[in-house]
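Would you mind keeping the following structure in view while I ask a few things?
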């Protein structure tokens, strides 16, 4: 764990930043980053910790399936399996899962997928601001983490690093913790935008 | 009081956190935690203190009815009686009362009770995200604390730790100060969600 | 000025607090408190200072008409006259003027006065949460400070410490800086509430 | 660069302030200020830096066209060219570019220009709160910086220091970094106001 202390500190700082943005109310949401030793293993948020007071010791090491390595004080978030599945599927180095209100409202409004197109902020996701745009996939929620992981693996759009989980929140990933956090900020902006755009343009 | 200083410090920190979230404007709202000496007695917010600058000395000790133990500098919030009634009724260890806008709007919109169902964030209240969901009780406001306490005791839903008081705010409780604060964050998220969901889905 | 340094420090702290709440964008808004020497004289915000970085030296001493005492580095806000008029008219010890969005929207929506009634948060203004409620006066804006002061003097409702200025903002007063700031927080809550209540209850 | 260190520190502080206001999500937006040596040259935000953690070393020096002076560690934002064009066209000393949601929504709602009139907050832009008001120009977005600069040069309204870029954000300028930041706060307030005013006044 000492080798990973820098990452654990950044995991905690990113968590508190995302809490301050309003997306990790109570103990909700979780963040992960691959370990230095093995890029398939994760440092992931501990389960049941208030996000506003997350500290470096609230990081748990898991294997490539998202199950805790033995002998640790805290348990990982149950959703660690989903983080591991995303890392495996897309080769991401960090994953953010938040209960952003924008993501839940958009998933209900557009259950077949949310179209994001023609807006500059798309570049914040490594996407193009021009052309036909992107469909952000929406999957149904599940309390079974194998199920939820499979749904997300099947739904993933390789062109845009977001998946929405209906009635739940979203997953966003990137090449580093900072990249995943930056993209989460862009994702929320874009989802707020499509929702507000519709509200503003009502007759 | 010195025995309880750690709790008073946490009471003040929780108060300032809830203020920062926008739910304790001016001197509104109050927080309580049972004392270490007697789990029916409370440390509760002093009356008339600006919430943004609440300090540990702004905690007042009350008896099991919410009346101040003699010889203290500050007076407890008048609503201490309601906190004591909730602690007595459900065996909670901490109670939060806030004037969250979401709670007041939801109580007016659904005066017979607010249905919360099928959303992941319910797990933040110790509830299930699946199944039929829950009805959050709504009681009428009163300036008589005996009255208000009775209404809340009668209305309590043992399956969900929230009561809304119409034209006023909400009470949320838990097994510790941190738990009650976490649940308050989840409660506000869920109430915002039902209100916004309706707004977004208007034709 | 040194005698007043404690008040100037509190004036700056209150200003930054109200900025953080979003009501003093750019250099907008101003705050005043009566001086210790003469309760008709004011310490008032200097003109043209960015509110987020207001310091104790950005307080200017004025006479009972709101005109600057000679020999000071900064000029007082032009609206100091209005502050002085309110202090004279109601005997307040501190006045807050903010460009809260809620106050501008409510003044346009209800140009004949905003009815606030039957909501607990009214107690934060020293008002009753029961009964018929209160009409918050709305006056037209003016660039002539004598004019604006006169309008406000004539419109004042002695039962509620708020006046809205259409297309501009609101004035709120109290018995101390902290009291006026607390009341400003309650006033904004109440104005947001009447606006949102109407939005939520649309068919 | 050492001569400019004070400006670089203020550039970073202003950036973090605008991030805290929600207008520079992820790595979006950029800020510039003319250099002390040459008022046509700029210190401008580096490309690809997370705005919440911007530091003084994330400032890049450019020439009068917005192209980086050689030998610097970071690359300037691609939009540095647009900043340089605005400085050249209007003689501003500082330019702010943000992805404020209000600016994007207003540009779509009023593609022929946004009318701002009769509101006190206009004085925060150096404009009059009385009279006929102002039309804030809206230009189409472009990924070609020469194109975007030209559109902005042609569209500029000399009477109000804002240009909106549709589906993108806005540029605001002033006589100093602090002035440009203050004006950005006023611009967002005014754009929010016209959008909310319409929402509130719907039948």
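Note that the chains are named A, B, C and D in the order they appear, and that numbering of residues resets to 1 at the start of each chain.
Here is the rule we go by: contacts are C-beta pairs under 8 Å (C-beta built on N, C-alpha and C of every residue); 3 or more make two chains touch, one makes a residue touch a chain.
Predicted model, so just to flag it, every value in this text is computed and none were measured.
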Interface numbering overlap (same over half, different under half) for chain B and chain C: different
Angle of the C-alpha superposing rotation, chain A to chain D, to the nearest 5 degrees: 90
Chain A and chain B, separation of their C-alpha mean positions in angstrom: 30
Distance from the mean Cα position of chain C to that of chain A, given in whole angstrom: 43
Overlap residues in chain B, where contacts from two or more other chains coincide: 199
Category of the chain touch graph - line, ring, star, complete, other: ring
Chain A-facing residues of chain B, complex: 17, 118-121, 124, 129-130, 178, 181-183, 185-186, 188-189, 192-193, 196-197, 199-201
Touch list for chain A against partner chain B, complex: 25-28, 50, 52-53, 99, 101, 104-105, 108-109, 141, 143, 165, 167-169, 195, 198-199
